[in-house]
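These are the structures in question, set out in turn.
Shared between the two complexes below is subunit A, which has subunit B as its partner in the first and subunit C in the second.
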Partner chain A sequence: MFILQLIVAGLAVGSVYAIIALGIVLIYKCSGVVNFAQGGYAMLGAFFTYALTTAGLPSAAALVVSLLLMGVVGALTQTLILRPMLKAPVVAVMMATLGILIIFRAICLLIWGPDQIGFPKLFPDGSIEVGGIFMTYNYVAAFLLSAVLCGAFLAFYRYTPLGLMQRCTADNTRAALAVGIHVSNQVTIAWTASAMLAGLGGSLLASLNGLSLGLSNIGLVAFPVIVLGGMTSLPGAVVAGLILGVLQAVTDGLLTPAIERVLRDYTEIYSVGALQQVIPYALLVVVLLVRPQGIFGSKESERV
Partner chain B sequence: MLMARGVTIRFGGVVAVGGMDMDVHPGEIVGLIGPNGAGKTTFVNAISGTYVPNAGSIRWQDEDLVGRTPNRLARMGVGRTFQNVASLSDLTVLDIVKVGRSVRGAGGGLRDLFASGRRQDDELAQKYLEPLGLADHRNTPLQMLSYGHRKAVDIARALAGEPDLLLLDEPVAGVAPAEAFALAGFVKKIRDLMGCAVVMVEHKMDIVMCTCDRIVVMAGGVKIFDGSCAGAQSDPEVRRVYLGHA
Partner chain C sequence: MLILICVAVATIVVLPALGRYGAYIVYAVTIAAIGALALNLLIGYCGQISFCHGALLGVGAYAAGNFGNAGQDMSISLLAAGVVTALVSVLVGLPALRLRGLYFAIATLAAQFILEFLFRLLEPLTHGVAGLMIKPAPFLGMDLSNDRGYAAISIVILVASLIGVSRLLRTDLGRRFILIRDSEMVARGMGVNVALTKLWAFAISGFLTGIAGGLLGFTTRIAAPEAFEIALSVDYVAMIIVGGLGSLPGALIGAGFVVLLPEAVQRFGESLGAATQTSAIREMVFGLLIIVFMIYEPRGLYALGGRLARRLRAPFRRAGAASQLAKSEGVN
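This part shows the complex of A and B:
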């Protein structure tokens, strides 16, 4: 029963990882750029939600407004910083995204300070019980909201004309350009969607774990997720996010206590620390060794 | 109408197109022929915005085309197909036709955020895929199709944008003869239906003769003949560039 409990909690956190990772994959697919600033967007979204709720907005409204604000931020950063770099090498653009991350952190530090902030309660206290498993409203809401946003985004990508142009750009940028798609506008749209996904993900994570500048590190956890899922696969990012969330929860709840028990019996070591934070990167190494293309990725093959 | 005057395109010291003039009237199918390296594709690329000419002017319906990007041109009603078909590997045939439709209409409106209906899809398939024998392949990813079919998809994609000027770059090269005549027949039918002007670069003379209303012959980057199909066959200059001195 306890392990089921852990899995459910892990799925909730994992669903948030999934929407944050989706944004990275989206941008990578249509511009070949790995967005290091994704964690920054998640953090900024959480701070927006925090500022809006403390300003007196109800939590639902704060989440929606923060989502829209993040869309604006995403579009602006792409237009102002990355669009002028259209002809720059991809590596230079990635460095620019690293710069964006630093700027975001500095701005948040300036306004909100370095300390951990008690994040306002977005969802009521309490929990529901299903078949002996207890889930707090926090976790249920985080899971449902991520699932809804993720579903909405995938539907947009799959069924709308704009999503079709996104897919076309992702498939072959040069061909998309040739048939008359405004590719740089598509990249702006990708950044907008990505920032919105990250912003909501950040808000939800902050509602689970509290808010500080450290939230921007979630951008690092997203990398093992997209590598596991296969860099270019959107469903892959979702599945891998869920897997990672569950792995972390199980590590935290079962593996760490077990290891600590053994260590305490035989050595002087009392604690192994936050082992669940090591899991994503250990997973990253294993995936890169065993299956570099990830779960859903395909091996690049070139016809000679 | 399309009016090109003195179009010149140089690559370094090589003059690919050197002062080319050409008019295309609405509803006309013009065949653009010439020996290899005559500059036909380069000229078409200049019209469709891939190259910016070093000199000369290209006007379409009294608007300057020079320096326009392909997405602007698509919205102005200039559509084109490619000699080497664009390799959009993962999209399905219907998806690609929908892209062709979208680039014409898309003004970034809110309509684009909502799913297009199944009825619209069926209509597109019936209008552009069925006549090209692609109806059974509407949900097939492009990479699964034969070369000939992919060329047909490229034409369907260009037509779905309902262009007023359609540029076809070697539409039947590498396509089996029977399919080639069917394709050419379809181009003619589309012209009759939509009244668009067509510029067709093609090497297969039998296709050109039975499709085009007028023929322009290029050699060495300039126009050497402009007239009827029969005239092109008997013109001494055309014979010279194709066959050498008599």
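This part shows the complex of A and C:
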């Protein structure tokens, strides 16, 4: 029963990972840019939600307004920073996104300070019990919201004209240009959507774990997710996010105590610390070495 | 090269007049320059993007600290740190045999976090979260464990490694690095053993990184996990890009820039009396500058300097040509 409890908690956190990873995959597919700043967008979104609720807005309205603001931020960063860098080398673009991350962190540090902030309640307190497993409303809501959003997102890409244009741009930029798609507008749209996704993911995560500058590290946890999912696959990112969330929860709840018990018997090491934070990266290395295209990626998805 | 040695000697000569803060600035920049040089060899010359340089510096600091605390001479400890870090660096580089570009960069990101975790875990060697205290050690039997001494040692090491790396780049191996950066396929076609060459790049870069890390450890007297986090890796990548990818003077300029700029902002902020906001503003300036550089001069300060110099020289050159023309006309 304990393990089921862990899996449920893992799925909730994992669905948030999925949302954030979706944004990175979206941008990578459309423009070949790896956005190291995704965690920064998540953090900024969470701080916006926090600021708006403290300004007196009800939490649902605050969340919506903050997502709209994030969309504007995403579009602005793309047009101001990434668009002039179309022909820059890969390292330069990576560094530019890291620059964005540094600036976002600095802005939040300047306005809200370095301390952990109690995040306003997005969902009511309390929990429900299903078959002996207790779930707080927070986790249930985070999971449901992420699931609905992921589904809506994938459907949007599959069935709408704009989604078709987005997929076209992602598939083959030249061909997209040839059939008359305004590619750089499509890239701007991708950044807008990705920033909004990140803002939602950040707000949900803050409602689960509290809000601080450390939230921006979530962007780096998303990299194992997208590599595991196959870098260019949207459903892959969702599945990989869930897998990693569960893996982390199980590591934290079961594996770490077990390993520590063994270590204590044979070595002087008493604690393995935050093992669940390293597990994704260890998995990442294994996946990269054994199956670089990830679970869902295709062979040619490796951009050389 | 001669100019470089002259500058180095001149800096060492004026060191006693600089005071403690001046000496601190000198060795902070110099050590960063050694680390940036090592990273530039890997990214700028061999084309292997790495985001775990901070952790590798940490490996160097811990290794040097352990050897130093065991009573070894500082020079021996630094060399040993270099060897240990070279081995770890080769280990980190192993995935590079299968992965390229972006994928490898992500693998080094993983290496960064795994190494950070190990720093906290391996308490017998690293003293965990508290950090390893590093006792001052004599350098070649001399007591140089003060700011000026450290500055002198790091300048000598920097000059030696600059000469070493520039020599290396003229050898067969150095040329192979550059060839792999430009096109792995061509390199393979020309019969270059790509895997072995890459591992050499990791080993040599790791050796220099270990020495720089060891110097960091000895000068700060403590090696703690939070000093070698991903932010440090980002700083170093910023250094070599701001200075100029694949340029030796670029590594120096970039190191100077990235170390001195926050220092300057900090001083300025403190003089205004707003210490709390200063660190945020410092970060913001740093981030903005990175972005501005990436947009307007991705080839870095060194290229920018070269361009400015050419532009400044151009009017004179034209004037010279005109006068020559006048002369030749006069002859006719």
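The rule is short, and it goes like this: the second predicted complex is superposed on the first by the 294 of 304 C-alpha atoms of A that agree within 3 Å, B and C clash if a C-alpha of one lies under 4 Å from a C-alpha of the other, contacts with A are read in each partner's own complex, and residues count from 1 in each chain.
Here is the rule we use: a contact is a pair of C-beta atoms (placed from the backbone, for glycine too) under 8 Å apart; a residue touches a chain by one contact, two chains touch by 3 or more.
Here the structure is a predicted model, which means the values were calculated and not measured.
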### Message
With both complexes superposed on chain A, which partner does A:292 reach: first (subunit B), second (subunit C), both or neither?
### Response
second
### Message
Looking at A:171, would you say it contacts subunit B, subunit C, both, or neither? Reply first, second, both or neither.
### Response
first
### Query
In the superposed model, does subunit B or subunit C contact more residues of subunit A?
C
### Query
So, A:96: does it touch subunit B (first), subunit C (second), both, or neither?
second
#### Entry: Partner chain(s) touched by A:84 [first = subunit B, second = subunit C, both, neither]
second
### Message
Touch test for A:126: subunit B only (first), subunit C only (second), both, or neither?
### Response
neither
### Task
Please give the residue numbers of subunit B that touch subunit A in the complex, ascending.
50, 69-71, 73-75, 79, 82, 86-91, 95-96, 98-100, 102-104, 106, 108, 111-116, 157, 161
### Query
If you look only at subunit C, which of its residues touch subunit A in the complex?
43, 49, 95, 98-103, 105-107, 109-111, 113-114, 117, 120-124, 230, 234, 237-238, 241, 245, 277, 279-284, 286-291, 294-295, 298
### Message
For the complex, give me every residue of subunit A touching subunit B.
### Response
155-156, 159-162, 164-165, 167-168, 171-172, 174-182, 185
### Parts of subunit A lying in touch with subunit C, wherever the complex brings them together
34, 81, 84-85, 88-96, 98-103, 105-107, 109-110, 220, 223-224, 227, 268-269, 272-275, 277-278, 281-282, 284-285, 288-289, 292, 302-304
